[in-house]
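In the two assemblies presented below, subunit A is common to both, partnered first by subunit B and then by subunit C.
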Partner chain A sequence: MIRKCSNLLIIFIASLMLTSCWDYGDIDKKSMTISIGIEQIGDKVQFSGELAKLTPSKEGTEKAQTAQIYHTVSYGKNFEDARIHNDVINPFPVFLGVTRVVVFGTNYAKKGIEPYLNRIGSIYDYRKNLLSVVSREKPKALLNIKVEKDISVGFLIENMINSLANSGKTLYPNIGELLSNIALGKVGYVIPYVGIEHDHIAYLGFAVMKDSKLVGMIDLVDTDGVLYLLAEKPRLVEAIPDPEKEENIYSFRTVIKKRKIKTNYIDKKVEINIDLDLYAALQYQYHVAPLSDKKIKKLEERISEKVKEDIGSIIKRAQKEFQCDIFQFARYFRAQHPNIYKKIKWEEAFKDAAVNVTVQTKIINKNLEDPNAKKKY
Partner chain B sequence: MNESLTNRQIAFIIFGVLIGYGVMELPKNVAENAGTGGWLSLLIATAITIIFAYMITYLSYVYKNKTIYEYSERLTGKFITHIFMIIYIFYYFLGFTMITRVSCETIKLTILLKTPIWVLSLLFSFVIYYAVIKRLRVIARVCEIYGIFIIIAALLIHTSLFTQGKLINLRPFFVLEDLPLYFKSTLNMIFPFLGIEILTIIPFAKKNHKKVFKYITLMIVCISFFYIMIVESCISVMGVDEIVHYNDALYATIRRVDIPAFQVIRRLDGIFLIAWIMAIFCTITIWCYGAIVLLSKLFKKIHFNLLAFIVVFMGYIVSQMPTTYDQVKKVLDYMSYYGLVVMGIIPTILFFITKVKKYDKKMQ
Partner chain C sequence: MKRKNKLFVEKIKTFSEGKFGVSVRKLTILNEEAFILYIQELTDGKILSDSIIKPILQNGKDTMLTIDKIFSSVIYIDDISMDDDENKIEDYILKGKSIIILSNSEKYIIANTLKIEKRAVSAPQVETTLRGPRDSFTENMDTNLSLIRYRIKDPSLRMDNFVIGRRTKTNVAVVYIEDIANKKHVDEVKKRLDEIDIDGVLESGYIQKFILNNTFDLFPQAGIVEQSDTACQNILEGKLCIIVEGSNLALVVPKTFIEFLDTGDDHYENLYLAIFSKMLRFSALGIALTLSALYVAVVSFHSDILPPQYILAIATSRVTVPFNAFLEVIAMEFITEVLREASIRLPQQVGAAISIVGAIVIGQAAVAAGLISPLMVIIASLSMMCSFVAADYTIMNPIRILKFMMIFITGIFGIFGFTLGFTFIIINLCSQTSFGIPYFAPIAPFNFQDLKNYIFSDVNLERKRPKFLNTIDKTRK
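And now, the complex of A and B:
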């Protein structure tokens, strides 16, 4: 009898559970936030949002489909205040789990983005590997731009930075990485800098953050040095003039074979030694000219010099202009000299650190072309 | 009822009881106490645990088909045995209730935000009751099956975490000047190994020949490497400076990672939560079984299933008593010290009495 009852009970409980959550709500009953913009307007925080408007499909099925994007703006003296004002203008509860990008305005970035990063790090909804960027224009203006290349501004920025990062042309520092840098303390970091160029949203370079406050920008053309140091697999293009004939230019694609960062502490001064081994592949020449072994050696030297200059100049800028370690050399120094690291003030030590950059390049192929071919006629 | 287990089942019972809630905050505890050299503290703690495990296994090995209740009575008399039993019963009971509660708290704070704690606890209680009335052999089999799934899931998750982490975050691997710190933090590193005292309630059969020592030692070494893998993979992603801020360090790390190559399972938290809840289920069931089986030795007239119902029901009520998460954490912190008594002191006393009175030779 008891056995029969227990079986009935199991069937009853199982059927109850199969009915799924009793507070289940359809996806179109949520305000799906795709992008969020944060800016400081006077003494108030401005939240601008880009949300997906979901409507049921025409076939009348329960599945929802994206119909269009709508925008919201709210203000408050702090995040909580602004969020309340944001909640009261949305038809459904705001859902942040699908947010693609957080856009910081320059005013807010100058004040410091750490509070908002901590908010993302702790609020359940947010993905922790979310992308954050600093915008030259006000986030509200940026998010309101009509985009044809993608579903929305948020998707466009995320896809743009993602594809550039995958091809080694920028960094994709997610919120988690930024929080790790903040926890390390004593170091700065860079995040992508975007803006509106000729009515298009464009990646402009890096925003430099010291103590999570915006202290400067690195223009797109000057980002190579940063990428050689920080990108996982940078794939950059170097245009090197012919050593004998300046108007001819050799276009090389470079990749890092080996990157070694070694630090020292000599005479109470930090020394940072960076060794880079590069592989270069010749893509093409502007004017096809013979390429002797001697010339190849010279070109290798030129590439090395150029990369060394790129790295040297950006480190010098970090030491003098930004006055912070945006490359997180502190991690290497701490790993290699943990006891000295405890005693010194890294922020000060980095500014006066001696930096030695050594770059060795090897041209590994000429893209199956033979510039030395002999002509018969 | 024949409750003898195979050597492999005993090893997996240890795996089931050790791998549970503790792994969630293990990376934080290691990073907080010993920094990037925490792996060394874990290895030292493993060596100490193996010594304790050897003593407990030896007792069970010498006194075949007996649990701590029977051989303690023989070694120390009825009165002291009753005191020991009360200590053990209270320990297992408290462990069962508080681990249930803290796990439910974590589940609520991480995935089921709107579900009340009492509902989650109730659900656990139902399942645990069902498991414990099926007795030790079934629990051991569940541990075997779940254990294998947990190991596969953990290998997948942590290998993926390593691919996303940075080697520089794991360095310095060892600082000579911090050697005293590594030894000092060993005490904290023993806590994740609390649970091996469950061997005291597992009766060994004749078939558990000397190889059982090898199985148990090997399992503890494997668990130690399992712990090191968890700690190092998490630190490699988050860095030692940040991970110390998260009580749910393991889950927080997993949420940071997104592996596009895995397509539909690019976010690993889904797999992790399944494996983690399975691990918690094994842990709680074994702790609960420990309390019930020892109580059944004291109250021989009460049917095991009824006793199980009373323990689970009381456990459910006690688990609802703490009002805040911090209170539960505090109880668990005190329990760690309590655990040293039941894992270390009592088995050591019994081991030495056996050796001094040469019971081991008499039993053979």
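And now, the complex of A and C:
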């Protein structure tokens, strides 16, 4: 009995010392940081914060009050210094569990975002599925924009990127994935690029990171190639002109049926073979006209060509302009040729790699309205 | 005068002094004297005068009556017997019997003229049901036994009688079907009942306490049953039903934890509804036990486990609350428990007032005054509502107490404490037994067939009796 009790006592005392009420802190007694902006201003790091202002619901209203926002700015020669300055201006301890987005300024991104990603990855306070974006404008200016579409800028950016990523129109790389790319070492990556357009916060494309430093941007219109290669389920719209009548345009929605990436090493040269099988669903035509089998075949070829061109051009850009493997082909090569991967220098090999893209498209929904069609689809 | 007669006369004299409240009616039949001893309050006067006194006087007008003649051809009572032990006279009288003594006889007649004030069989009050029959047990033991006998017309149905209580001499019956119920259980129950030595038994709760493994066990090991059909269902399953005189709640043993969440409705209703209701009750039990503690854990320790928007909503709802979450939960749970207690104790006429006061004080005023967050009101009400879902309310009593234990331990240790508390409860449940049966059966030890039968609660699919009961007759169908 005494032994039993002593065991229980040990469990309780150990728990009391290790966990317990020392960590007690009610949620409403914390400064909830919704978004953080990091920028390099001179030789100092600038932290701009967007915090939730908790106010009770207005008297006489039954409706629950949504959180309001206030902003903070702090500076320091490093993160720790800036954080201390940030802590001293807040009424309660800073709580990062609600942080939705980390906005990197272009200056800071050019200097390298790896230190801050490591900070997020290692400090317990942050959520690891945090979204990080690069902002064209200074984060402080971006976070100060008055948002009417959402609770705050942080929520707006996160919801915007999330919904776009869910519909296959952008990528939502979380901190864990970025850190995994950094750990791989020889590859680059892309993160969403945002900015202010006509007084509205907008998604502008991708920021290209090489060695975690900003080396370029990919405009929204050029992102299709990246999405065909990296997005989990890209669903993109392709507008293909009629092969016979240019003014009639066919609007297709494409989805990937199969994506196969195979790498080879021939004559000391890396070869990347990308096979894409696409389904294209015809949504509508600008001018309704009957579709023949021949035309369908042609349209399929056109879509394939267009996608092939999109992919080809972006890979070329990565090889020549950014000079880094932002598509993480290194992972495929390492898995398929582990011994060769150890010997070669992937960064160099990628630049000269031969890339073969094969795209096969099948139009699945012809959306036919032609009553005289010979064949039913 | 014979020796026995002297003893009888002494008894009659003692009773005549009126100390015991025994009435003595003296009759003269020719030259002989006859005495009728009875307790007025316990005796049906009409039966006594019409069926005993009247026939004796009429028959004794011109013929000499012997005790055997009276026994066999004079009195009209159905339940009569003869005895010659003068020491038992007192016991018989106290049990409501009438004693007929003739001055020339060494024997006496015991006639059952017992009259009990009893209420009619009515709808269940504790174990309410939608689909089940409405004839529930009453405080009268004969009525209760008749309700069972009328449903189970099996010659193997056994009703073993015990008299417990040195002073109250309460009748207790153990009802079971001999060729189904496990003999070990029957013997164990009988042994435990035999061992009870107490001055009085007023309710089946007394018996329940005595047949527990350990007085300090938190969870009940015997179920209560008010509906006669549920009692019969349990008896058919191979369990034992203990009916106590003067109690409208019979006991069912052995009973496992999950069986407390079973209702008669489950067996009568559609299969899918039974599954749905079972899941609902289990979730409700979980909610009643853990929701408030989880609120403390989330609000005070690990807010990160919720999505950001939820955290903001909770924080906004708590912004005016001056107490910390732990105190808020304790205060709110205390208030709801007070409301519950008050609503049970208050007379029906003012019961409605309590619900109005409760609704206004807690639901509106406390939130409007900013003392309690609206979310806390939802949690406390949900937690309270969930604690009413079990058909046998006795299983929810420990849950109510453990809820506070969970809140305290979570308030101290956070989610770690929550896990610790929950683990202790599960360990406790798994290590208990009810008359030798693992309390957590058929989950631990696991038996798929029994669990399936329990969840489906469909008589059509339930071919066998629960394996853990180890019944003599194992098949139902």
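Criterion: the second predicted complex is superposed on the first by the 329 of 377 C-alpha atoms of A that agree within 3 Å, B and C clash if a C-alpha of one lies under 4 Å from a C-alpha of the other, contacts with A are read in each partner's own complex, and residues count from 1 in each chain.
Criterion: contacts are C-beta pairs under 8 Å (C-beta built on N, C-alpha and C of every residue); 3 or more make two chains touch, one makes a residue touch a chain.
Computed from a predicted structure; not experimentally measured.
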Partner chain(s) touched by A:185 [first = subunit B, second = subunit C, both, neither]: first
Which of subunit B and subunit C A:88 touches, first, second, both or neither: neither
First (subunit B), second (subunit C), both or neither touched by A:338: first
Subunit B versus subunit C as contact partner of A:5, first or second or both or neither: neither
Which of subunit B and subunit C A:266 touches, first, second, both or neither: neither
Partner chain(s) touched by A:128 [first = subunit B, second = subunit C, both, neither]: first
Greater residue coverage of subunit A in the superposed arrangement, subunit B or subunit C: C
Contacts of A:174 with subunit B and subunit C, given as first, second, both or neither: first
Touching both subunit B and subunit C, residues of subunit A: 23, 127
Subunit B partner contacts - residues on subunit A that touch it in the complex: 23, 124, 127-129, 174, 176, 179-180, 182-185, 331-332, 334-336, 338-339
Touching residues on subunit B, where the partner in the complex is subunit A: 110, 113-114, 166, 168-169, 171-172, 175, 177-178, 237-239, 241-242, 245, 252, 255-258
Complex contacts: residues of subunit C adjacent to subunit A: 298-301, 303-304, 308-309, 311-321, 324-326, 370, 374, 411-414, 416-417, 420
List of subunit A residues in touch with subunit C within their complex: 11, 15-16, 19-21, 23-28, 30, 32, 34, 52, 54-57, 64-67, 95, 97-100, 127, 151, 155
